[in-house]
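Presented sequentially are two complexes of chain A, the first with chain B as partner and the second with chain C.
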Partner chain A sequence: MRQKKSTLFMFIAPAIILFLVFFCYPVLRTFAMSFFDAAQMSSKVSTWEFVGLNNYFALNSTSFPGALTMLFKVWLFCGIIVFVAALLFAVMLTSGVYGKGFFRSMLYLPNVIPQIAIGYMWTLYVFSSRFGMLKRVFTAIGWEAAANFAWTSPDNMFLSMCIAYIFSSTGYFVLQYMAAIEAIPKSLYEAAELDGASKIAQFVQITFPLIRNTLVSSITLWTSRVCGFFALSRVFASASTVSPLMYIYNVLFGTESSNTAVGVGAAASVVVALIVVVAFLVSNLIPKNNDIEL
Partner chain B sequence: MSRKRDKKSTLRLRQQAKLFPGYILLILWCVFIFVMLGWIVIASLSTTKELFSDALLESGFHWENYAYAIKNGHLITSFLNSLLYSSASVFFSILICAPAAYGLARFHFKLNETIRRLLVVGLGVPGVMIIMPLFSIVSALNAGNSKITLIILYVVTSIPFCTFYLLPAFADISPSYEEAAAIDGCGPFRTFWTIVFPLAGTSVTTLVIFQFIGKWNEYFMALIFAGSTENMSLSVALYQLIVAMTREGGWSGMFAAVAFVSAPTIILYVLLSKKIIGGATAGGLKG
Partner chain C sequence: MKRIVSLLLVLLMSVSLLSGCGGTGTTETSKAPDTTTSSAPEVKGPNENSTLNADITFWSSYTESSNYGQCIAAAADAFMKENPGVKITISFQGTDISSTLGPALQAGNNITMFEANSDNVIRLWNDYLMDLGDFYAATYPQTDGKPYSESIVPAYEILAKDQGNGKYVYFPYTPQFLNVWYNKDIFDACGITEKPKTWDEMMDVCATLKENGYTPFTSDQNHIDYNLSLYLERLLGADGADELANGDGSAWDDPAVLDAVKKFEDAASKGYWADNIMTVVVPEARQELVIDRKIAMYICGSWMPNNVRESAGDDYRWGSFTYPLAENGADDGSSLCYGCYGISINKNATPEEAEACAAFAVYLTLGEWGDYLVQTCNAIPISNDPNAKWPDMIADAEHIYDGITTRWPAHGHLRSNGDFLPTFQSACTKLYGGAMTAEEFVAECRAYFK
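Our next item is the complex of A and B:
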């Protein structure tokens, strides 16, 4: 079908122009700002002073490296637990349990509740040292040490936050893995069953290789999710739970805004963005498992 | 015949027995969620004293906890704000992304591939990169705390996702619909909105619901661009309220606030869980 150029333009232009003006331009400006010294966020570009990589070096003496370490720990430890748990739940739910739809909805439920509310459900109730759920349960089964564990003391805040984060992230990946597993033809499993392959052998030989692409792309999704870590960082407020986004917020609008230059905040934003972009590129470099036709 | 059925059902039973550990884990998860949400609702209706003396609901239902939380936390205003932010941003992102997705799916032109690449990059770059320049623009315009800023931000940051989500939906629709409409003298825009767009209805509703919940729960940008009392969203209001109430020690009121803020999306989820899950599994794109 032949279409006039002007028609095409009218269809695509609104989205692209908005995207260029309010997304691409700000991204480039933030990137540029990270190489300059500016008095305030709203300072005119003409008053900026070029300082090269100084803002990036300046990051070193702030709490930003600590925030990056925190991010990496969340990425690695929570990531491993989330992926293993999600894979386990996904395999379970696709192997013929009753009430599959119900269980799946329950697993995903924490994802639809605002993160701030999730955070408070944990800090105010589950982890509470007075009437908390964990205290009650551990007292009931007689584990005194566990019952008296101070979940919300600053030393243990990071652990508590990770538990809440794992709880609210697992469901999303269960859905990804379930969709991937359900795309595998049933006939493969029937054939394996006839040949006497155990459930574990079936998982290793059939399921795992066939959902490999999904697993790889879920690492990218996980990375970009973790880089957006903010709300729980604010609820579980403690020195050990400051995420990079929290740090940037503090530099630009909060506690550190008086003693840190905006250019340093821009440099921190660029670092976070680079992590996500690199994760995207790396997952694209890993060869896709295309030799198996489904 | 009946023996055959017996054999089948014992086979099923044996299969189910193997899944027993799985059932335990799943049931534990559900019990945890039910106890957590249930306890919070019960605690929100008790007095703070009852919370500490382990005598929940002893003196009946205290709805005034909700009245207190709603009044002090400006929760009605922020509920309406959240409603405005989510619905306006979803409406406008569909309004501009649907035609764009259609254009990219249907028309072959030089820049098609370039635009797609640009949008892929947009999927990867986190929103934190656009915050500082936008903040400087709006503070220069003296619009630092206006509702429109946040809506624009939400629309702009969802352009890549919405466009990619709708692309395959429009690509799957046969061009013969438009050809017939063109022969009848229907212009391209009317054809799109009245004929093609409704055909992609299922994808559009899934996207609308999924995006709505995503924007409803967004916190980082809402905190920066809508932090004032008259503009704050529910999440922003909840944080402020809990911080204030922790100082006073009004525990049951805090639980009322948490319950009030969590309720809307949970109710929406109970009604529309299939659609929301459908949005979450869409092709491994980020929300």
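Our next item is the complex of A and C:
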């Protein structure tokens, strides 16, 4: 039966309208605002004053470039550790270990806890220099140097924040990798066992090549996840932990005591959005593994 | 092999779980008796003479569970019982109000009145503020026959008019100021009878405290800038402090600034800040202040004693003095960082709604309910009634406004550049902790401005 185009449009219209109103309009408005000086986020367009690229130039004399550098470090260093740890856990949990479901749930649990709660849990109960878990454990075993390490001092705040972020992010990727590994036919491993391949050889020769596509897509997911870095940046407050989103929030809404710079905040938003788009395009350039059909 | 892997996983999980179970030995707060011992005003029956007739939607910057939120809700209930024609719906937004109210007003939501820090009211919602001049000139049952404008503390009447560029755009309440708060028992135990008026006198106080085994200062990292920024305000005055925060950075090259920071470096070298000043996380420092009672002073806003009242207990005796003067400073002590909260009326409200809003704002902030708000929330009275009683907790600061002729921003000029603040706070932490010299401090602040 042939459908009329108008009928098709009628069915997809709600989705398109919602997309235009709640996605395209704010994006276009923010992009336009980045070239204007506006008093507030919700100021009428007629009150905006055109300033050209000045908002983008102004970003250079703020903490925004430092915030981008901070974000890149989180993306790179935390990313490497999260991926390696997630892969390790995924391989362990798919090796027929007892209590797989329990361990999987426990690993995923930090992912469903709000980042703010994760942040306070780590700062107050793990890193606290007075009664934190690390202080007590290291003191109990007599390792004074480690017990006295100042986890929450301004110089070490970035390190502490990264540890908390890795803790809360690993479980998400464990699940992804487990699903990919479990899709690999057992017969491949059985054949490799018969041929005398070690566990490490099986991982390098079978597992890793067959989950490559998942690994590549997880880089894209990780990038978009890191770009939304905000809550931990507020809890682990320090000059070295200001994220781009926190910078944008502060200049868009201000605080009780500071002024707003809405146009500059919009320019920063556009820069972050462009970085996400470029990262997505670059990750798509990584060739997919289409050689093997399972 | 599988068993070993299982055991390893169990070990890892256990460590993860334990991370949420740090020691508790020193975190127990002393359960203080409820400080809200003053009873709520008697709720009267319907006032037959009331002509008020309106439905009001009131957005508040407090949370519903806070003592402020509970007091506002109780006052609204009482007001509605006395004025049956008025219906008040309160939406407690908390601090999110700075990001939620603007779009809501822009979208034309029916928000008749709102309250927040007066700086936010002016900065964020200036386009929606009704001119309250007529209401300031009117009398109310709570003003004893006087116009409202003559019933509030003059400093706040002037502030309201100043912030509104000659117009009254909010009803002030909950005055606040920055000050030095200290433990009176510690000062008494050390024989300190005079409050310091200059930096040198404050250093003498610190030396006495150290000799007696006490630590002079502590601070959480979100308040750690107040000490140095207030000194710089005293030294350089408003313009000089503003230039440090919002100039091109050259103000940090001033040798006077380096000399000022060196005084703090010297104080840090003498151990005048708590040993853990580098590592405390909010709200650890202020809790240690009131629970351990080994640290004497904390520089913060007048809201701080109320925030820690449950940990401090009823027997904690708060003392207070205005931040000491700097030698050869530009300020002679006639300036103060102060502000207040303000209740505004949406300029799109109907005359009937505006009249009801104004009546409720005055009902809440003056008279019986104003007194109740002051006592239950340990707030500062806005009433200029000479009999208006400050809460015992902060009564030591009662004369703070005497001789004040210049208003500095509620949190000081150094905080007016929110983007610079994390750099300044981190540098202050390291300076007080002895991990940074004065030269390094100035260089770090200077580097922000590139």
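Miscellaneous remarks
Keep in mind that, in the parts below, the second predicted complex is superposed on the first by the 273 of 294 C-alpha atoms of A that agree within 3 Å, B and C clash if a C-alpha of one lies under 4 Å from a C-alpha of the other, contacts with A are read in each partner's own complex, and residues count from 1 in each chain.
FYI, contacts are C-beta pairs under 8 Å (C-beta built on N, C-alpha and C of every residue); 3 or more make two chains touch, one makes a residue touch a chain.
Nothing here was measured: the structure is a model prediction, and the numbers come from that model.
The superposed arrangement places chain B and chain C in clashing positions on chain A. Ranked by how many residues of chain A each touches, chain B and chain C are led by B.
By the touch criterion defined above, A:V27 reaches chain B but does not reach chain C.
Touch criterion met: A:S42 reaches chain B and chain C at once.
Once chain A of one complex is fitted onto chain A of the other, the partner contacts of A:R212 are absent, as it touches neither chain B nor chain C. Contacts of A:I248 after superposition: chain B is touched, whereas chain C is not reached.
Once the two complexes are laid over each other on the shared chain, residue contacts for A:M106 go to chain B and to chain C alike.
By the touch criterion defined above, A:A239 reaches chain C but does not reach chain B.
By the touch criterion defined above, A:Y125 lies against chain B and chain C together after alignment on the C-alpha atoms of chain A. By the touch criterion defined above, A:K73 lies against neither chain B nor chain C after alignment on the C-alpha atoms of chain A. After superposition on chain A, the stretch of chain B that runs into chain C among 1-9, 19-27, 91-99 or 253-261 is 19-27.
Overlap of the chain B and chain C interfaces on chain A comprises residues 40-42, 92-93, 95-98, 103, 106, 110, 121, 124-126, 130-131, 133, 253.
Note for the complex: chain C touches chain A at residues 2-3, 5-6, 8-9, 13, 16, 18-27, 98-99, 102-103, 105-106, 117, 119-120, 123-124, 221-222, 276, 278-281, 284, 288, 409-412, 415-423, 425-427, 429-430, 433, 435, 448-450. The touching residues of chain A, when paired with chain B in their complex, are 1, 3, 5, 7-8, 10-12, 14-16, 18-19, 22-27, 29-31, 33, 40-43, 88-89, 92-93, 95-98, 103-117, 120-121, 124-126, 130-131, 133, 172, 175-176, 178-179, 199, 214, 217-218, 221, 224-225, 227-228, 230-231, 234-235, 245, 248-249, 252-253, 262, 265-266, 269-270, 272-273, 276-277, 280.
Listed in rising order, the residues of chain A touching chain C in the complex are 40-42, 60-63, 92-93, 95-99, 103, 106, 110, 121-133, 136, 150-155, 167, 237-240, 242, 247, 250-251, 253-260.
Residues 15-16, 18-19, 22-23, 25-26, 29-30, 33, 35-37, 39-40, 43, 51-52, 54, 96-97, 99-100, 102-104, 106-107, 109, 115, 118-119, 121-136, 139-140, 152-153, 155-157, 159-160, 163, 175, 178-179, 182, 188-189, 192, 213, 216-217, 219-220, 223-224, 234-235, 238-239, 242, 251, 254-255, 258, 261-262, 265-266, 268-269, 273, 276-277, 280-281, 284, 286 of chain B touch chain A in their complex.
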